Amino acid sequence: MRPAVKAENLKKSFTLHHQGPAFITALSGVSFLVPFGSCLAVNGPSGCGKSTLLRCLYGNYRLTEGSLRVSHGGGFLEMSEASEREIMDFRRHSVSYVSQFLRVIPRVPALEIVAEPLITLGRSREEGLERAREALSRLSVPEKLWKLPPLTFSGGERQRVNIARGLIKDPPLLLLDEPTASLDRKNREIVTELIIGAKKRGAAVVGVFHDREVRERVADGVLELLPPAGGGRGFEPGHAEPGGADHGTPASGLAARATSEQGWAPRGQIEPKKAESGMAEPKDADPASGEIEDLKISAGR
Amino acid sequence: MSEKKKRTPAWDGNKAGTAEKTGKAETAEKVVKAGKAGKAGNVVKAGNAGNAGNAEKAEKVVKAGKAVKAGKAGKTSGRRGLNYAYLDEDGKRLVRRALIKAVCVPGYQVPFSGREMPMPYGWGTGGVQVTASIIGPDDVLKVIDQGSSDTTNAVSIQKFFRKTAGVEVTEKTSAATVIQTRHRIPETPLKSGQIMVYQVPIPDPLRFLEPREGEAAARHANREYGILYVKLYEDITRHGEIASSYDYPALVNARYAMSPSPIPRFDNPKLHMSPALHLFGAGREKRIYAVPPYTSVVSLDFEDYPFRPAKSGRACELCGSETSFLDEVITGDQGERIFVCSDTDYCAGRREKAADGEKETRGGG
Amino acid sequence: MLLQENHPSAMTEPLIRAEGITKRFGDILAVDGVDLELYPGEVLGIVGESGSGKSTLLNILSGALPPSSGELFYRGRDGTVRDFFKIRERERRFLLGSDIGFVHQDPAAGLRLKVSAGANVAERLLSGGLRRYGEARLRASEWFSKVELPLDRLDSRPEEYSGGMRQRLQIARNLVTGPRLVYMDEPTGGLDVSVQARVLDLVRSLSSEFNLAVILVTHDLGVARLLTERLLVMKNGRVIERGLTDQVLDDPGEPYTQLLVSSVLGGA
């Protein structure tokens, strides 16, 4: 099948100039290939670079080394060399990134947040809002919330708004960072269906799924990232949400990590596996602890 | 080289300083210097023919076809110990140069280095300097203040020029060759050859909304007059109509916006295509501008709120004129009031005429 | 026409391209060889602390301050590209009054406080040659609604307005001529946080609705995060880092940028 993503020997490291400086390698030697119509699950303990990988795919983090080619505009865009404009265009047309946290813009109602990617693509406002209504009702977001800014929404409601926004334009590449983390069983099921539906329409999906059942149902392959050597507590590099005004700054997050993790020698490796064997890995059994760690840092600021 | 010379316009020749022109220029200077033979030589700077040429041109332009009679000028000296028309000759030359430029670029405010006059700013020093620079002994001067020639300011300015320039003064618009004014343009239509001199307090129509001189100058240079319409917009918004009744801005020669001094907007149309030359002098601000004869002067307005000269809808209680600008005059302690012509000469003229007509009728009967 | 603006080929041509913009004040190099490009409909942020040269750069780009050296290529509506600093003053002023807007941090610098709000909005139309009072007033009131100002304040003077209202008025005044490019210098600088959010939201929605290109100077990374797509980080007159806004803020490379990002309390 035609590949949607070709990653070769990816490396992402951070230099924290005000921490010594400290050098942190979040990803190293990562290679994989994702064909259209398939889903790659990125797996591993907290701090192994799962979110970092997704961010590199989205162009949020700039690669340190390696080649990352993503399908865009009938060809491939080499992310390590792409201009800002090219990445913007890639984001607009060829990818959706559903992060764990919804970027909330003050005063903008949920309906408009969901419709925006379509309108940015040049569709009419009416069409965008109509499709947004469909998506929100499909994800069972109560209609009375549609006209409200999601600032006051519950975690699950925000996440569903976020998923609706990510899926509305039906992109060729879908990046999902724990899309079902704070959803109840019913909504988890709906989201799972939506991901499978996207695959059927030919989309390539790269996602982090802590929920084993979901992963089992959607993933065609698993990319297993190893925890950093030294066995230190895992802090996910750049755990802070882009655009999450309510979630602290990444740099301070990095700084926080560097303070507690001096001498941390990271090492990322891949172990491409079948979904079945991935499931057998005991390491991913406790996703919640990593989450709590992240939240603690956010809350601490 | 010779080819080049042939192509050179005549007035450029003046600058080049051909002997003939220089000679003439000197004559012109001498004429102006009448009565000051001793100083004349110093003032006419030999070799500075270019300036002299300009001076000559100033004379010609400013006098608008009125021949200066050297002989007469020589005989009619000003007050002993003072320059003719008070202003020294260098000062007059400065003003004349500014006037030439002003006439060449209608409506454009020409800066000049005004002199101290024996009266405070705000009493017409700008107008007086202009008058002093253009007046000759054979001129007949009329001075108007508030439409009349018998008010204090008008009387003192008349007196000033009678003393310093030895000119004849008049109250009659038709008899005057130079009319200095503050608030009015006479009702009697002006004729070709007459010169109006206006005393201007604030020359720049943009001043109200653009106090920065540099920016105002840039706006004039680029004909950006949007803010004048902002002022009109404000008027309509606040008063339902354009309420500016004095100093109503107008576009001169379709190019420069001009502040026509504190004349009522009623008088604005009289500037349009007027056969007379209109000169504006602002003494404190040191600016001179002009509306040459037969130049378009269009009052600014909106298409849906066109310019209308204010009309009282009344008639003068003295002469019965229904077309002239009226003053309200309180006539008694109980607030009795009448409306009479602001232009006293015009009003008197009409009454005289009416009286003559009556006499004639009587005589005939 | 709008379709053409959105056409991919039209999008590939920058609206402005600045090369080597430099400004010296005596021995001080306030802006040092700045290059930048801005595309139609794009919001570009310039961040940096006070004295980094960001406001000076904005003043140069907007023609308020002549550069010591450098070129600014401006693509006109007819597609021709010319050096903004070399076109005739009259044309430059015309562009600044129609095609380009400037929103100042201090509304007093961008408004006529003693002239009614409606006239403030109408001014650029009147300067552009509109000679119908009724239409000027109508269009001013339309823009009043667009920036969410109450219509019954159309005839009030901005000196009677609150800070947030003044800023919205300033935006309306600039956008009434349908400019393609608006410079904004700390547009929410002096406002309370709640008022700030409203103004930011307005800028965001108007810039997308009218496909406005915006260069926004701010020291507030939260504002930059919310409004801009690309970011330049300035220090000592030079651009030390540039990239997509989320790249620069989430993955800052330069020591100074890391310091800037980490010194924001509460997150950007």
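By written order: A, B and C. Residues from 1 in each chain.
By definition in this document, contacts are C-beta pairs under 8 Å (C-beta built on N, C-alpha and C of every residue); 3 or more make two chains touch, one makes a residue touch a chain.
Values in this document were obtained by computation on a predicted structure and should not be read as measured data.
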Next on the checklist: Keeping to the contact definition above, tell me which chains border both chain A and chain C.
Outcome noted: none
Item to check | Chain whose Cα centroid lies nearest the overall Cα centroid | outcome: C
Next on the checklist: Nearest whole angstrom, what separates the Cα centre of chain A from the Cα centre of chain C?
Outcome noted: 33
Checklist entry - Centre to centre, by mean C-alpha position, how many angstrom separate chain A and chain B? => result 80
Checklist entry - Can you give the whole-Å distance between the Cα centres of chain B and chain C? => result 47
Checklist outcome for this item: In the complex, the residues of chain C that touch chain A are 6, 12, 39, 197-198, 200-201, 204, 208, 221-222, 225-226, 229-230, 242-244, 246-247, 249-255, 258-259, 261-262, 264-268
Next on the checklist: Which stretch or stretches of chain B touch chain C in the complex?
Outcome noted: 209, 218, 221-222, 224-227, 229-230, 232-234, 236-238, 302-305
Next on the checklist: Taking the touch rule as given, give the residues of chain A at its contact with chain C in the complex, in rising order.
Outcome noted: 14-18, 55, 59-62, 84-85, 87-88, 105-108, 119-120, 122, 238, 240, 242-252, 255, 301
Next on the checklist: Show me the residue ranges of chain C that touch chain B in the complex, using the header's touch definition.
Outcome noted: 89-90, 93-94, 97, 112, 115-116, 118-119, 122-124, 126-128, 131-134, 136-137, 155
